[in-house]
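Next, two complexes with chain A in common: one pairs it with chain B, the other with chain C.
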Partner chain A sequence: MSITDTIAYWRYRLVPDHIVGEILAKRWIDNAIPFAILVAVLVGFGTAVPDFLSLGSMTALTRQLGEFGLVVLAMTIVMLAGGIDLSVGSVLALANITALAMLNIFGLPVGVACVITLAVGASVGLVNGLLIGYLRLRAFLTTLVTLIIVRSIVDMLLLKFAVQISAGFVDSAVWDFIGDGKVAQVPFSFALFLLIAIVVHVVLSRTRPGWHLMAVGGSRRSAHNVGIHVRRTICLTYVVSGTLAALAGFLFAARLGGAGSDVGIGLEITVLTAAVLGGNSLGGGRGSAAKAVLGAITVMIIINGLVRVGAGSGANSLILGLILLAAVAIDVRWLKNRHKVLAKVYVSPAFRSLPAAPGTERDSASPYALNDRLRDVSPVGLNQVDGPEDVILDENDHIYAGTRTGDIVRFFAPDYTQQEVFAHVGGRPLGMAFARDGALICCIGGMGLYRIGMDRQISKLTDETNRTPFSIIDDARLRLADDLDIAPDGRIFFSEATVRYEMHEWPVDGLESRGNGRIICYDPLSNTTRTVLRNLNFPNGICMTQDGQSFLFAETWSCSVSRYHFDGPKAGKVETVIPDLPGHPDNINRASDGTYWLALVGVRTPSMDLALRMPGFRRRMARRVAPDEWLFPNINTGCIVRFDESGRILDTLWDLGGENHPMITSMREHRGHLYIGGIFNNRIGQLPLAGADPDWTGTRSYWGDEK
Partner chain B sequence: MSFFFTRALDSFLGRNESAITVPALDGALRPNRRLDDAAGRIPVRAPGALAVGRDGLMVSSGSDLLRLPSGEVLYRASAEISCLAPVAGGIAIGLDDGRIVIVGGEFDGTELPARDGARCPTAMVADGDALYVCHGSAQNPPSAWTRDLLERNASGAIWQMDLRGSRQHRIAAGLAFPAGLALIADGLIVSESWKHRIVLLDRTTGALRKVIQSDLPGYPGHIGHGPSASSGDGYVMAMFAPRNQLVEFILREDQYRRRMMAEVDPRYWVAPSYRSGRSFYEPLQGGGVKHLGILKPWAPTLSFGMVVLLDENCLPVDSFQSRADGTTHGVTGAVIHDGALYAASRGDDVVARLDFGS
Partner chain C sequence: MLRAANLTQERIVLVLALVLTAGFAISLPGFLTPENLLALVRSVSVLGVLGIAMALVVIGRGIDLSLVAVMAVSLAWTLNLLANGMPLGIALLLGLGFCLLSGLITGFLVAYVEIPAIFATLAMGTFIYGFGRYFLITLDVVYLPDAARSIVWIGSGAFMGIPVPVLIFAGVCLLGALFLRYVKSGRFIRAIGDNPLAARIAGIPVRPVIVMQYALSGLIGFVAGLVTATSVASMNIRVANSTFVYDVILVVVLGGIGLSGGKGGVRNVIVGTLLIGVLINGMTIMDIQYTVQNVIKSLILLAAIVADTIINPRDEQTAQQGDI
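And now, the complex of A and B:
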């Protein structure tokens, strides 16, 4: 390997580029920026202000935070449904004075006072909700007006009751506990806030009303179209918001016990800042309770920190305003650009140096020398079948093939002119095999491993496996089950070509050439699925060897065939059988003389081999060049080879022009003929084999004559 | 400084100079398959240049000069013929080794040897005793044009040869593979292939007077006078290869391009060619994968066939094409003779004859 290649090899081996894209694809990445800001704020004030992180300071902070956080939650809920509630500050003030009046003047029990206070808040919210939800007024203007009206009511009530309130005294242990008490070293209000935050989180993420709310915020029209009561949902968010703000007011009353005229003034801006800074989108539909908590903590720390640093009240508001502005800007840009960045960084090619390809010169001594032996292929079902990736024949000589439209079609022996849809399975049927009981087992791209009984009953065998420890993407679900074979004891080994891309994106996996594939074992006895081999390069064909203890598998992008021993003395070992194919291998199947057929779907091109050693080049190509213009492995010409377990090539069948059979992804020997499939073809190929056992069938080779 | 910064930013983001957009075939260049549907198809091995002289229509085939349509060999050169031009009753023949020989007519037997900066004759036009010659590159012979493109050379020149006094002088230099030449009153119309444009140069000073056509969708080659049907004036131009997004990208990828030229057989380079898709070792692009046994005509391709008719202002008015799945690729010569358009398809070993007005 040259120095350049060596550097590239280690560079791409040591730096896991693909992780960036995988992290960005996660939903929780939306919390990254708010969390980073919180950490920065904590570190900043922690170092600037002595004792800032002390226990006493933190207790005082959390006591305020309980009330503040509840209001932020209220705002978040409204924002998630696409609205805004500016009246929260006034509602808090109104609740404060209501609670104090109920207790100090009317002497009601704390419980009753609490219920009445919440009811007052809810009714203000209901007014907002009716106006905005049902009459469809603008949320911003409506709540601005409510803010002013409620504030005026508070001022009028203050004029009337202020003296009486300050004269009264509440003698209640419960009231004192609410204001001053602690639950497990945590102030009551903060504990209550955390509890409600958890409830809100569960409701939003796990319950029907929560999903409705998110749906309405995400797209009002779509929510309406799927039958969600949009108006009612919106109205309810304001009621909840009013109630939560009132609860915060009640806690405020319990803590301070005073009815001042400046309670809750300017709160709406602070709360809005907290909600947006936490990462809740102003447009609705994106956000969570966790984000509200993050935002609330951050803003509370900033406010307290600024006071402790000694910034004046004007500077305080100025800084908060600037933060709000920045948060809104980040929110908009992030929302707009996240998927663009993701699209640019997700594809992360790896270094791959393939061994020199053996020649294919016609009439040369190479075992792969060009010939025209495939020219005699005759088409079956020409223009009647779309994309038979794999073909298989049963004991009655009928041909089964999966198609692009998700059918498994059956061509009837002996002339194969009649066909029927044997079963409609959906997805993209790929590799197939017959089980001992005669059922057809099929790998379906995009779905998983399925069983189709001869009574046409379709049943799912498995669509998930154990998740790889510490993997960032969730690779538990099967994405691209490709080919399978069945061990004598009934265990099904199947390949999943890639875990990073969907079925239709398989060329991108080739461009990446990282080794994203795996081989999985499904055990029907225990109904369990386990991954047995990981990090394979587009594992494709799988074929049981004759000893019943191992199987051969082909890796398309690394142009090799290997053997895995799952039982016997070498159990768990992988041996390379053919390291240097001149093309990209696809399916492997048994031949009648104990050897194996292998389909090469395409030929390695020198330009692509070079590109594989230059991952940076491929990454830039993926970003700059349209996918239809990408450099591809040449899959327009393929061939069929026959090899034995030692890896010796015994036979090669070519057809350069591909007139009768353009593409080869699989082949099946059956009663002296070879049946050929191709994933982009409109036909199945049939080729008489000279010298092959005319009675040999695959089913009998696997299961004997018992059936 | 800021210039370099802009360049670096552009190259990182793929903007301006680094953009790899290829113009769509539109207007007069709207895709068609008229070259494939030509009325006459005369098989000729590797037809290069076409010319009309005293002996009628002639075509170069490797190192042979043939008469069309009979196929009679008129002259056998010692090297591959790269261009032809009728001159004073005879014919000037540009050879791949850089020499120019004149056969027949007043200057029969004249040989102009190759010299530094003038060893890549790609196009010639005679005007009285003067012969104007385009030399595509200072580094490569005409047959190595792919390498010249990938080396991103702009070392072409235009020379004026005085046939009577054998005085030679260079008119213009630093051109990006001039491959076509036509004379007008006081100017030279030159197709500058690697910049995919047609320019007008001053006939005596060689100064650039005007960029007539820029950002063409292919690499323009031969330009000849061709009576357009209406006004009796105009030009016929052949584009010998298409531009391709992947190639444009690779032209900006210095490391890959250098290694490809060093390590890969030239036949299998990712580069335009007269004929692509013959070997499975050639690069394939995603859109070129056959579906249901069919190669899509709009598939990305490294070769195509294209003859464009230009009006007297060099604006395209009509085109004759062979698309990705066509059979008339790599048109290196085109001439209008006897009311018919003849196009030499170097890639598919055929001269196509398209009859006008029928």
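And now, the complex of A and C:
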């Protein structure tokens, strides 16, 4: 390797570029900006104000935060369902005066007062909910009106009761505890806030009503069309919001015990700032309790910090307005551009230097020399199948093939003119194998490993494996199960081509050539799934060797075939069998004479080989050029190769000029014929093999003559 | 059936206003005198002028919650400059420039940064109040200095027996109606409010027109501020934090201008303003407490919205996401 190649090799090996895209694809990344703001605010005020982070100052802060946070939660719940509740400030004031009146004037017990206060808040919420949810009024205007009405009611009540309230006195330990007490060093109101935040989180993320709420906010029309009670859900969010705001008012009353005329004035703007700053989306669908907590803490710190710094009333509004503007601007831009950035940075190519490709000149001494031996292939089911990636035949000579539309079709022997849909499995059926009991085991791209019994019963064998430690992408789910084979003891080894791309974009993984694939073992006896080999470069075909202790597997983008010993003296070892194929290998299957058939899906090109040594070039291409114009590996014209366990090439079958059957992803030998599948083909190929055992079948080769 | 009777909200409100007027005329002595009627219109002329400003924005599918803050801060600053000895013309120009600039910034945030209008203007209102209170003005209330004697007629003068504020209201209404009807960009506003995407495809410069909407709203706000300051001889910038801006929205929505844009015109604002004027005047004569007046006003707004929703129902299938 040249020096520049060595530098490129280590550069792309040591710097984990792909992590950026994977992080951006995560849902929790939404919290990054709010969290960064919180840290910045904490550090800023921590250094500007002496003692800001001291215990006493924090206790005072958390005491207010409890009430404020509850209101932010209330607003968040309404926002998540696609509404807005501006009346929270007035409800808080109403609850405050209600609680004080109940205790100071009517002398009710604290518990009863609490229930009445919450009921008052809930009924204001119910009015909002009925108007907005059932009558379909606009949330903004409606809650604006209730804000004014409730505020006026508070003013009227104040005129009547203010004097009596300030004259009264509550002699209750419970009341004092609510206002002044601590739970495990934390003020009661803050502890209550955290508890309710956790409850809200669980309800939103783990229960049916929460999912309904998120669905309504995400797309009201779709929610309505799938039968969710949209109106009831929306109505309930306002009831909850009113109740939570009333609870905050109750805590406020317990803490301060005074009924001023300015309680809760302008609170709706502060609360809205907090909710949006935390990352909750306006218009619904995106947000969480955690975001509400984050936003509440940030805004509370800012307000408190500004007071401590000694800024005037104007500065407070100034900064709050600026923050609200900045937060919403970032939110809007983020939502609009995240997927664009993601699309640009997700593809992250790595360095790969392939060994020189062997020659394929016609009439040369090369084992891969071009010829016309696929000219004699005759089509089966021409224009009746869409993309038979793999084909397999049973003992009755029927052909089975998976199609792009998620079916496994069966062509009936002997002439293969009749066909039926054997089973509709969905997903993208890829590699297939017959198990000892005659069931068809199938890798389905996008779904996992499935079993289809001869009674057409479809059952899932596995769709998840153990997650790789410290991987950012969640690779526990199977994205692209590709091909499988079955060991004599029943264990199923199957390849997952890539963990970074979905089925429909599998060629992009070739552009990346990073080694995102793996081989997984499913053990039907213990019903467990474990990853066996990691970081393979698009592992594709898998085929058991005759000794029953190892299997051969092909790695498409590194143009090699390797052998993995899962049992026996060499257990756990990987040996390279063919290091330098002239093309990209796909499926491997047994031949009748103890050798193996290998499909090359495409032939290597010098340009792609060069590009693989220039990851920077491929990265620029992925960022600046439209995907349709990208340089991809050739995946359209290939050949069939026969080789033995030592890696010697015995036979090569080409279709020179690509006239008859050039697109090949798999081939199956059966009773003296070769049956050829291709992922982009509209047919299955049938080729008579001269000199092959006319009675040999794959099933018997694996399971003997048991049946 | 309501549709068949062509019962738009504008007509409902107009009928309601007439009924109320008739009711008050019969039950309240002194209501139907020319002096009281002039006082009635005069008392709501500022509201009406602001209503026209709001209507321009609402017709273009926006909303301007910073209107009152812009009005209060710009005027208070102008008065402050006057008190500090700045010539009248320059002070007025600076105030006008402040309104224009805030309108442009708000418009930029809505049109180019694509922040929803409700939040952009809500935050701008808070920001402008804070900015004015912190940098421009020292006290909440700024009184009319002697240097401004020459413009007092705007708020308290009369021409041929009609108070100048009423004339200004009429003038702004006329200009607004002409603008919406005959000026190209006025018609663009309506097109954008009706269907922004279609307007863009048709080649209308959507974003500049949206910026213009908010700039216009700021300018009209300055006129309203001028009338307010000269009629009460002071400007209290705390009005920016009050519910006054909600009253302005009340006037607009009450008159029948839909918040989803594209519908309504100056006539709707006039009708809405008259109803509110009649109500306030009647209730004041009846000596109803201010907070109760608020409740009654709000209930009437609520009734107007409910009536609008029932007559023009929104459909689950056609409702827009994020349309709150």
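Operating definition for what follows: the second predicted complex is superposed on the first by the 707 of 707 C-alpha atoms of A that agree within 3 Å, B and C clash if a C-alpha of one lies under 4 Å from a C-alpha of the other, contacts with A are read in each partner's own complex, and residues count from 1 in each chain.
Note that a residue touches a chain if its C-beta (ideal position, glycine included) is under 8 Å from a C-beta of that chain, and two chains touch if they have at least 3 such contacts.
Keep in mind that this is a model prediction, so the values were computed, not measured.
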Chain B and chain C placed together on chain A: clash or fit? fit
Looking at A:266, would you say it contacts chain B, chain C, both, or neither? Reply first, second, both or neither. second
Comparing chain B and chain C in the superposed model, the one touching more of chain A is C
- Query: Where does A:605 make contact in the superposed view: on chain B (first), on chain C (second), on both, or on neither?
  - Reply: first
| task | Based on the superposed arrangement, let me know which partner A:636 touches: chain B (first), chain C (second), both, or neither? | result | first
- [ ] Figure out whether A:380 sits in contact with chain B (first) or chain C (second), or with both, or with neither.
- [x] neither
Per the contact definition in the header, classify A:662: touching chain B only (first), chain C only (second), both, or neither. first
Who does A:82 touch here: chain B (first), chain C (second), both, or neither? second
Discussion item. Quick one: is A:620 in contact with chain B, with chain C, with both, or with neither? Answer first, second, both or neither.
Written reply: first
Once superposed, chain B sits from chain C at a minimum Cα distance (Å) of 20
Contacts of chain A common to chain B and chain C in the A-superposed view none
Listed in rising order, the residues of chain A that touch chain B in the complex are 386, 507, 602-603, 605-608, 610-611, 614, 617, 620-621, 623-637, 656, 658, 662-663, 680-683
The chain A residues in contact with chain C across the complex are 82-84, 131, 135-142, 144-145, 147-149, 151-153, 155-156, 159, 219-221, 224, 230, 265-266, 269, 272-273, 276, 282-285, 312-322, 324-325, 328-329, 332-333, 336
Within their complex, chain C touches chain A through residues 109, 113-116, 118-120, 122-135, 241, 243, 246, 249, 253, 259, 289, 291-292, 294-295, 297-299, 301-302, 305-306, 309-310, 313-314, 316-317, 319, 321-324
Per the touch rule, the chain B residues reaching chain A in their complex are 14, 20, 244-246, 249, 253, 255-256, 259-260, 263-265, 268-270, 277, 280-293, 295, 300
